[in-house]
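After this come two complexes, each holding subunit A, first together with subunit B and then together with subunit C.
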Partner chain A sequence: MSNKPNRKELLNRINVVSFAVDDVKLFLDTHPCDTEALAYFHEYSKLRNQAMHEYAKYYGPLTVDTTVESCSDRWNWINEPWPWQEGGC
Partner chain B sequence: MPNYRNNAMPYTNYRQTQMVTPVVRRDTSDDMSLAMAYVPWQVWRNLYDAEKGFHCGTIFQELNMPFLGKGGMKR
Partner chain C sequence: MWIYEKRLQYPVKITQTNPKLAQVIMSQFGGPDGELAASMRYLSQRYTMPYKEVTGILTDIGTEELAHMEIVSSIIYQLTKDLSIEEIEKYGFDKYYVDHTLGLWPQAAGGTPFTATYFQSKGDPITDLHEDMAAEQKARTTYDNILRLVKDPEIADPIRFLRAREVVHYQRFGESLRIVQDNLDSKNFYAFNPAFDTKSDCGCK
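Let's turn to the complex of A and B:
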């Protein structure tokens, strides 16, 4: 079991890769056939999914898409601090 | 389409331009109609790494144009 990643670092990681995905998404809107941009998108989109699922596994889901990680027996969604609460994401 | 980004007259030396007589510019080719605004087509190049891009607000170095204060100079 890899050791538990630090919450702040993992969240920062998610922000960084999510931003890259958003920026390349905008570029692809106007350059749909750009192969380099597409490769970049797939690479960072994969990184983002991994980070999101990892965060969900340790600290609870950020989005409903990653609830599969930690809400199998109980709806843990409500356990984690809400974004506006102290320690929230 | 050629990139017109660099040959725009920088607005910084506004005072000097008042004395300089206007220069006739030849940068509009025939297929570009008059009185139209043109945005150069962006090319996928010169990326920041994801971390730096996140801090600069863009992953493209060319689009990293922080506001430089009054008159376009660093204050």
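Let's turn to the complex of A and C:
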């Protein structure tokens, strides 16, 4: 497991790339033909999807769609702390 | 349809409780210019919005406001976590405590309960977007007022993030208003309501 990512760093990366997606999404709503913004969206959306899947694989799912990554015979959704709790995201 | 994502849009890690500040910050949960009112305003207004760019912005900002409500709620939770009865009395949290213990409940800083009368859904795109722009500025002022009372950087940091988002949302609503006006009679924006007077040829259907 030497290539296991650091949890805090990975979560921080998710927060950063997700925010880029959140912000450019609003810009694209009012500027749907801006090709530069569209390319930016695709770049960060891809990074976000990769990071979300990576997080689920090592630390449990953040969305119901990534629950399959964390193979276990338990329902992992409730195990990891909730975002407002200590150790949460 | 919404899908929950088990993380905050911006992290909240407060290590020192402060019931006095919690009571003030609570206004941005259930107060007149708070995140709950913001979300309900935009998500209610979007159904009769005739322009697809603006329907999109109301949906996406309305959704982001739910994430902001979760950030504010997490701040309040962490500021009041495991308070002792002595701390509750000392910092004047007793009036909230008697009705809600340490549970989260949407109210203004002064104790007024959350009400739908904090926002309007008028069914007129120009009217609604003016309300939305004003709402973002009112929320920005509230965060500025909060920041003058906050000394702890652990609390100020997420509050500054939320304040910055109000400014961005104001910008997007300004562009939305421009999109609506571009679709109207340039000599008289009020000649018809594009969400109601369907007999007019507004070129937006």
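As a convention for this text, the second predicted complex is superposed on the first by the 84 of 89 C-alpha atoms of A that agree within 3 Å, B and C clash if a C-alpha of one lies under 4 Å from a C-alpha of the other, contacts with A are read in each partner's own complex, and residues count from 1 in each chain.
Here is the rule we go by: a residue touches a chain if its C-beta (ideal position, glycine included) is under 8 Å from a C-beta of that chain, and two chains touch if they have at least 3 such contacts.
Bear in mind that the values here come from a model prediction, so they are computed numbers and not experimental data.
J.: Examine A:62 and indicate which partner it touches, taking first as subunit B and second as subunit C; both and neither are also allowed.
T.: A:62 contacts subunit C only, not subunit B.
J.: In the superposed model, which partner reaches more residues of subunit A, subunit B or subunit C?
T.: After superposition, C is the partner touching more of subunit A.
J.: Which of the two partners, first being subunit B and second being subunit C, lies in contact with A:11: first, second, both, or neither?
T.: A:11 sits against subunit C, while subunit B stays out of touch.
J.: Have a look at where A:44 lands relative to subunit B and subunit C in the superposition and call it first, second, both or neither.
T.: A:44 contacts subunit B only, not subunit C.
J.: Quick check for you: in the superposed arrangement, does A:27 touch first (subunit B), second (subunit C), both or neither?
T.: both
J.: Could you say whether A:19 touches subunit B, subunit C, both of them, or neither, answering first, second, both or neither?
T.: Touch partners of A:19: subunit B and subunit C.
J.: For A:82, using the defined touch cut-off, is the partner it touches subunit B, subunit C, both, or neither? Pick first, second, both or neither.
T.: A:82 sits against subunit C, while subunit B stays out of touch.
J.: Could you pull out which residues of subunit A sit against subunit B in one structure and against subunit C in the other?
T.: 15, 19, 23, 27, 30-31
J.: Can you name the residues of subunit C that touch subunit A in the complex?
T.: Subunit C residues touching subunit A: 3-12, 53-54, 56-57, 60-61, 64, 70, 73-74, 77-78, 168-169, 172, 175-176, 179.
J.: For the complex, which residues does subunit B have touching subunit A?
T.: 42, 44, 47, 50-51, 53-54, 58-60
J.: Applying the document's contact rule, which stretches of subunit A touch subunit B when the two form their complex?
T.: Spelled out, the residues of subunit A in touch with subunit B are 15-17, 19-20, 23-24, 27, 30-31, 34, 36-37, 40, 44.
J.: Considering only the defined contacts, which subunit A positions touch subunit C in the complex?
T.: 11, 14-15, 18-19, 22-23, 25-27, 29-32, 61-65, 77, 80, 82-84, 88-89
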